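The following blocks contain the structures, represented as structure tokens.
Look for chain A in each of the two complexes below; its partner is chain B in the first and chain C in the second.
== the complex of A and B ==
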């Protein structure tokens, strides 16, 4: 038995009432929304309304806050683009933008390189491979609060294990989180450590989809391992690579806990990213307008970068 | 129509109603603190409290609130713990949605902040009542006045969070140093301690650690300076402040302040005290509890005499505030009166509290058995000033100043010991002007 596809089809053929015949005939010539479509729209409406309430409403409120000088409670007066102008002329904003860029580049490519290396390594048949996979996933699985506490314990004070080891190697007293340059490096390394399992997982999945006969053919043709990697592996996993780069870029730009829990954005703003700056501006300086303006500018940049990377994926698809 | 069958239209209607019902119910939530109709004094009164001490503190707090027997016509009180992490967001969103507390404890300048936004019920009548029944005289001198603004008293003090100098006597003895009473002596002691690998000015300014900020402000206040002038305007670049920061820079450059201090969290700093890497430093009244491994060696020093001849310190006056969103102001005041009467419980059953503001507690046997707490009450509180120094009144913007980016960055700059103090103070001045202006 076939199911009716629309309400019109539920009436048996030839049973259209005489009075409605003309209307039905007209409707054949006039495009109109079917009752099925109306039903579907009505069924979808609650979800759409809910999504709008969850996503669009906060966005609109935030946009309104970014052009006002209010607080979290009081709306405040309209100041136009004053907050944006203040933010864009603030050295602190550009310092945070610079660190965000470093952190993102370091985080994306650092974690990708480590993830790719480990994914390739895990393709080889070694004993305990599954156990290794599980262990390597731990940095991604462990809550960031726990791992940041662990890292702070590892590097926080001169008597922590790593500074002690460094001192015993004769490299002197090193303050990993107190020196601005070292703190920036430590935060980036921490991000790579947290993120490489994700990259490893993505790359492993892409590598699993590569037909091994391609390598056999290339081997017969005399391609070296390096040539196989550069000319076969990388192009074949490029789609996944671009997707993982987009995702990791978004993760890095929006990453608050990794930085804030380890350094709080210090010392002297050396590790303050845009998202940390936005948070501190809103919740420490209690300046809602400028803080939200930073978040909006950040989103704008993120959209541009993501779009550029997405176009790259389309190019790969076309190729 | 076929009875018993649900048509598509009917189904849609039901679904719509099902979605709308909770939404309408949510919209219908009373704006009243107790969830009952505004102005109904018999509604439940919400009391929000922070984790002020050990976990046992909140257990005790709940017990006190549960023990409240309201007078005829007033509702009972409920107890809610609000974590420090994100407390401002919690309070702000609750107040904005009219679901906040009627009475609460909170951050030192929270009452000033919310008063500016019209959310605080001024305590003038309550304080008048305290004067009449004699409770007012039980407060330590001057503490109630720290709550005063041009519009009235924004809250009622219940404890003071002093920042005294502590020292580890055993480490000082080991270094052959004497307990400092002046800045010069602090420097000499620090140099001696440095030789045995111990910090003579322990502090930290890492994530969530405000001891560094407080140490900087305390040193300015100690030297007769402060962040503001008498009118409450930022006034950082003063001779007293420059001299204080020159001294801090010297401490940093001579290694008396640990090179890593700039990134030390509270836990890192506690660890330094516990592992005997810290011998002198500005900390909370509860340091001996936090550094339990060396508690027996820890003593409170007297306020140092500064080069300008002053000997002042920094304190926060923690307070209990009443909100306009309440079942009734009388109900809030009745509860607050009851709660003040129960404060002694927190010190009778030590739960890691700061210093009480009531003389009846500071002079009680259970309190005076700890000489460090007595020293804080007798030597420090009389000379302590608030973050508003050299101004006399606190104000809302202090909430953004204390722990704000400008002061944190300034502190971290000073702890690195590289920047000229006058230049750093000038940057701080600009930063504070930006915050206070808004």
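== the complex of A and C ==
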């Protein structure tokens, strides 16, 4: 919340000067709202109206849907917390919660490790560094619809190129998307493939800001490369690391296309995350109340987790 | 001997130590990472028959025999509208976030953060009901409204972060000359903010062009489909015609790739994180 308080030296037209003037009689007779304030309100208004109408208001409607019967078209009777009780006692919900957790942990740390590794490799002067950076950003830039199609072609059936290759290596017939465990792993790997460029870019920016003379000093003091990495590099980029974890956690929990386009949530719900389950409950099983209840519970967890991580950043900031 | 030689290089230039294994690792990783992209390009150019090496037949085929042309037009229209409206709405809000100093501005900042972390799925279900009543489902305008709203938090942050870098002295000088706040925003701040506007535009472009979930929920008829939804119809047939699918994939892939290649230096995912951290 630290922002340069720009208007302190020279006040914009129509403002009463801040500070000293606020105590004078003049300020008691100033217009209730200054011209500047009106302009500021008008400038922010379209954004605020849009956020309230399209993002906030539907949440209120969703809250009401989650405690009712009925379908998308017909609003049903009030059922209290019945939908929540149904959802919380259903094994499908808990299996989806479990997969969401696995997918998020795998996605966040997998993409972070790969991104960090590549950012470190790209830190030194290497021929074609810019070309590598641009090419390695492609998985993030390519639409998920396109990349999931390519992945489906590569691993989708036992006769696809990669299963064929695996079979030729003598590892037997592998069903990447038909075996429940392997499908979950494949979806996580796909998510890492999609997300590591984001981590790479974030980490690269943080590494670029590190003053390299620190390493020279540490080298003179006899710190090994590993010690330098653990005790200098990681702490210096920790702020960015936490921020990228938070963002990636939000991206993973909210993710729909990465999972849905590769497996559709199957086989037999094995890769059904909470978002996929909410979508299928509402639009395939046509049960609006329980579906919205799932989305709400998910939102709750997400807000708690991201707030906890956000506090962690603040701590790092002070330390 | 080789040991001595490598030691000499090490002592002379610390930066070059291990440069070649690093290079080799990068080449291998990059090649492996890009396999899906190569596969897409190759399959789109592979002839369906046995004759010939590479061909544009798949592209001719999908443009002549499917609705791809309509979907492409829909996607382009929706995306450009989103980019335009998004920048027009986010720029002034970003200015308020950057220059304002009242409690209300902190409130706006908090609102943006909270909304950013809310899942789209929670809002999309009630929105579907509301928009159905207004006739905005199965409608491209409805799609644009949702996309613009989805870009709002990050777009406003990105604009604010850029405005922060513009010296306040410029506006202050204009105020002394009798310029209004709006005048200084429009004539001075905005005029000097092309890089910030481009970053925001790229973000909005990618969000709208790549979206799958909102379009999947809202769109029902083929004449209204955007490319991501239209492409899925290829998978509903008995045998997937990979040549056609990959040709559509390439059509879908090209605009973001071109935007990224041309405007690379304005592409900042880092900006998103930085803006989140700063506020």
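Here, the second predicted complex is superposed on the first by the 269 of 319 C-alpha atoms of A that agree within 3 Å, B and C clash if a C-alpha of one lies under 4 Å from a C-alpha of the other, contacts with A are read in each partner's own complex, and residues count from 1 in each chain.
As a convention for this text, a contact is a pair of C-beta atoms (placed from the backbone, for glycine too) under 8 Å apart; a residue touches a chain by one contact, two chains touch by 3 or more.
Keep in mind that what you see is a predicted model, and the values were worked out from it rather than measured.
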| item | value |
| --- | --- |
| Partner chain(s) touched by A:55 [first = chain B, second = chain C, both, neither] | second |
| Which superposed partner A:283 touches (first chain B, second chain C, both, neither) | both |
| Contacts of A:122 with chain B and chain C, given as first, second, both or neither | second |
| Comparison of chain B and chain C by chain A residues contacted | C |
| Touching partner for A:146 - first (chain B), second (chain C), both, neither | second |
| Which of chain B and chain C A:261 touches, first, second, both or neither | both |
| Contacts of A:175 with chain B and chain C, given as first, second, both or neither | first |
| Touched partner set for A:299, first chain B, second chain C, both or neither | second |
| Touching partner for A:39 - first (chain B), second (chain C), both, neither | both |
| Residues on chain A lying within both footprints (that of chain B and that of chain C) | 39, 42-43, 46, 72-73, 260-261, 283 |
| Of chain A, residues touching chain C in the complex | 1-7, 9-14, 35-37, 39-40, 42-44, 46-48, 50-51, 53-56, 58-59, 61-62, 65, 72-73, 118, 121-122, 124-127, 132, 134-147, 149-151, 153-154, 161, 193, 198, 201-202, 205, 239-240, 243-244, 246-247, 250, 253-254, 256-257, 260-261, 275, 278-279, 282-283, 288, 291-292, 295-296, 298-299, 302-303, 306, 313 |
| Touching residues (chain side chain C, partner chain A) in the complex | 15-16, 19, 22-23, 25-26, 29-30, 33-37, 39-40, 43, 88-90, 92-93, 95-102, 105-106, 108-109, 111-112, 114-130, 132, 145-146, 148-149, 152-153, 156, 164, 168, 171-172, 175-176, 178-182, 184-185, 206, 209-210, 212-213, 217, 227-228, 231-232, 242, 245-246, 249, 252-253, 256-257, 260-261, 264, 267, 269-270, 272-274, 276-279 |
| Touching residues (chain side chain B, partner chain A) in the complex | 8, 12, 15-16, 19, 86, 88-89, 92-93, 95-96, 113-114, 117, 119, 205-208, 258-265, 267-268, 271-272, 275, 277, 399-400, 403-406, 408-409, 412-413, 415-416, 435, 438 |
| Chain A - residues contacting chain B, complex | 39, 42-43, 46, 69, 71-74, 92, 152, 156-159, 173, 175, 177-178, 183, 260-264, 266-269, 280-281, 283-287 |
